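All chains are identified by letter, namely A, B and C, in their written order; residue positions are counted from 1 within each chain.
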């Protein structure tokens, strides 16, 4: 299985990532149900970290706890610490809105606003009260970074809902870039897209890595192998008495190592397709 | 030929003419009765419109718009009632729409459904929607007595009663429109660092506008045809001037129709019919606008 | 990049405008409760004055309603009988016709047919009640009942008012019953059909019983609308308060009395004024009770499937 062609050579990566965003013993609960338990994980600055594992292993749940999107769900609770630049984002005086300004998110299904392409991009800077000298420039910059500018530059005033699925997803990435976050979280961003659109988004992730810290949840192992510098493998632990499935972190390392030389039997089984 | 006989029986059974089949007598009578029910409603509608049109055709002319009510039917018109209706609906819209949308936004976007007070508000709105319209007139009457306002015949007073009457309708329609906006739109906005209020005002609410507009127009059309609460609020007056403001005296088309219908002379009945036609045309137009908006913006996600 | 330099960057700014606007929204929602409280107080306070002068037993069981006469009498039964007559007649027409339309739309009609026919019912629901009232007194009473059928009746009758009111509430009954019928799972229809039942049998023996609570709720809501309707009865049922003994008689309903009494200029606080609210309170209690029954039934139906 040739899977490491696009992986950055391990040599340019430090052995231990400099965690711009970091989980320390994180548990995520929905009410009394523990969805994820005891995850400690650094997300290296300007690296792409992939979270992989079978369905129901809590990857998306963990991702949503990284910018407090879980706050919107009734009964969701996070124990342990999630730190951004050393600050606990669940700290008492911390404002979830400030957190989300710095840690953006791209969702599974493209969710452009029912507005023009231009207004989709300008929305974030406007609501954040960013000082923008020329909104047109900012829109162009964001769309260019998201590799969408050439396709939409002549129809900025048209509804974003008229774009194709892949274009919509790149628009959502551009929209996120426009608020100048430090981290971009991506929750299976390609699962609703065709292979060509997927390839474009993956290319984009390589470009974006130079400026942003990226965390991506994916079901697709090849995708993780193609885009991620480091990979964290999760699995679901089934409680024998209650039958509850709780997500646990099995192994974390450079992507090449995870795929070529997994240390844990469960990782190896999953990678080689014997499980999940 | 035994086989032939059996074949015939089977054939007949499958054709359903046998007792209990889809095309036997009783199911067909049943289906006929069902169609009659719908046909009856349709027939009633046609007869109502036709007779009203026949009664009022003679007076569907400019005089209806230019003349004031008079003791002689041939010199009478519905001018103040038409203008009064427009003023009252305008005032009703100004009072009911912002309040209704604000309440719906609170209930749909910000309220914690587990809170007993919010649940109480929901049950309460359902109840308000089913209270007889005349009771809203009585409420307004009492409120005026409490405030010591003796002159009930003012546009804003009638509009206040109608606004309270249609408030639950607007709230329910707005909530439905907000609920139709996908959760992902709100999440997308929040993930960009927008506050919940920014998300609502700049994203969710604008996306829900077509649904809100449809529901609001239908609610206003109900207010336009309503007369009962206004009867209690001095709406039935002999007006000899154009209503010209929110504190102006007024009468409305439905009340004018009520008044003329109760007179003995046929000339007034013609006027009542003509005004009814005008009212129906206005309502059909409002409903058409609502339907166009609904169809044009339906299913964008 | 030092973490100390970053400290505090994630802290929230106070957002007074945001809090203020959200408070406004909350106040708007609470306003609906204020309206309810207002209605209760508006009806109860004058009624207390009324019942201080008129014994409640005389009000509820008296058979003569003559609040404006010199020898005033406050027995509300005449108004109640007129309301009962008009409501019952309305239901007599609206329940079978409304249910029939609902069954046709839910069980038989192709979706295209439904798309054409449902708006017809919606139009029926959108006609102003005063126009219905005009039609009831001018056409149904004067032309159909008197001229065509040659019935012994005056200028007004509870039959004409009740019949037209029945047509008015057909859409209410039809649309809620149709929701209830449509909510019955298709598995029941297929199960019944697989046993060889035709559509009529399936509808009457399987679908109807399964949807019965929703249908009852629809009928109850129709009752509530009929009891509270004012303009049709004020125009077509007549304005004399007397015990109604038959469908061709005229009679003043509770709502018609309120409308008529309010036209006169009664002094705030006078017995005449308070009478209005005592009748209003009775009307309110009846419709409220009916609504509560309906809401609780609808809620049970929603849980069923």
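Note that a residue touches a chain if its C-beta (ideal position, glycine included) is under 8 Å from a C-beta of that chain, and two chains touch if they have at least 3 such contacts.
In this text, all values refer to a predicted model and were calculated from it rather than measured experimentally.
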Between A-C and B-C, which chain pair is linked by the larger number of C-beta contacts?
B-C
Outermost chain relative to chain C, judged by CA means, is A
Nearest to the mean of all protein Cα atoms is the Cα centre of chain B
Using the average of all C-alpha atoms in each chain as its centre, how far is it in Å between chain A and chain B?
48
Just how far, in Å, is the C-alpha centre of chain C from the one of chain A?
54
Cα centroid separation, chain B vs chain C, in Å, comes to 14
What residues in chain B touch two or more of the other chains?
195
Among the residues of chain A, which ones contact at least 2 other chains?
97-98, 102
Touching residues on chain A, where the partner in the complex is chain C:
84-87, 89, 91, 93-95, 97-99, 102
Per the contact definition, I'd like the list of chain B residues that touch chain C in the complex.
16, 20-22, 24, 26-27, 30-31, 33-38, 40-42, 44-45, 47-48, 51-52, 55, 98-100, 102-103, 105-107, 110-111, 118, 120-121, 123-128, 130-139, 141-143, 145, 164, 167-168, 171, 195-197, 218, 221-222, 224-228, 231-232, 236, 254-255, 257-258, 261-262, 269, 272-273, 276, 279-280, 283-284, 287, 291
For the complex, which residues does chain B have touching chain A?
114, 182, 184-185, 187-195, 198, 202-203, 206-207, 300-301
Under the stated contact criterion, what part of chain C meets chain B in this complex?
15, 18, 21-22, 24-33, 35-36, 38-39, 41-43, 45-46, 96-101, 103-105, 108, 117, 119-124, 126-135, 137-139, 143, 167, 170, 196-201, 203-204, 221, 224-225, 227-231, 234-235, 255, 258-259, 262-263, 268, 276-277, 280, 283-284, 287-288, 291-292, 294-295
In the complex formed with chain A, which residues of chain C make contact?
1, 3, 6-13
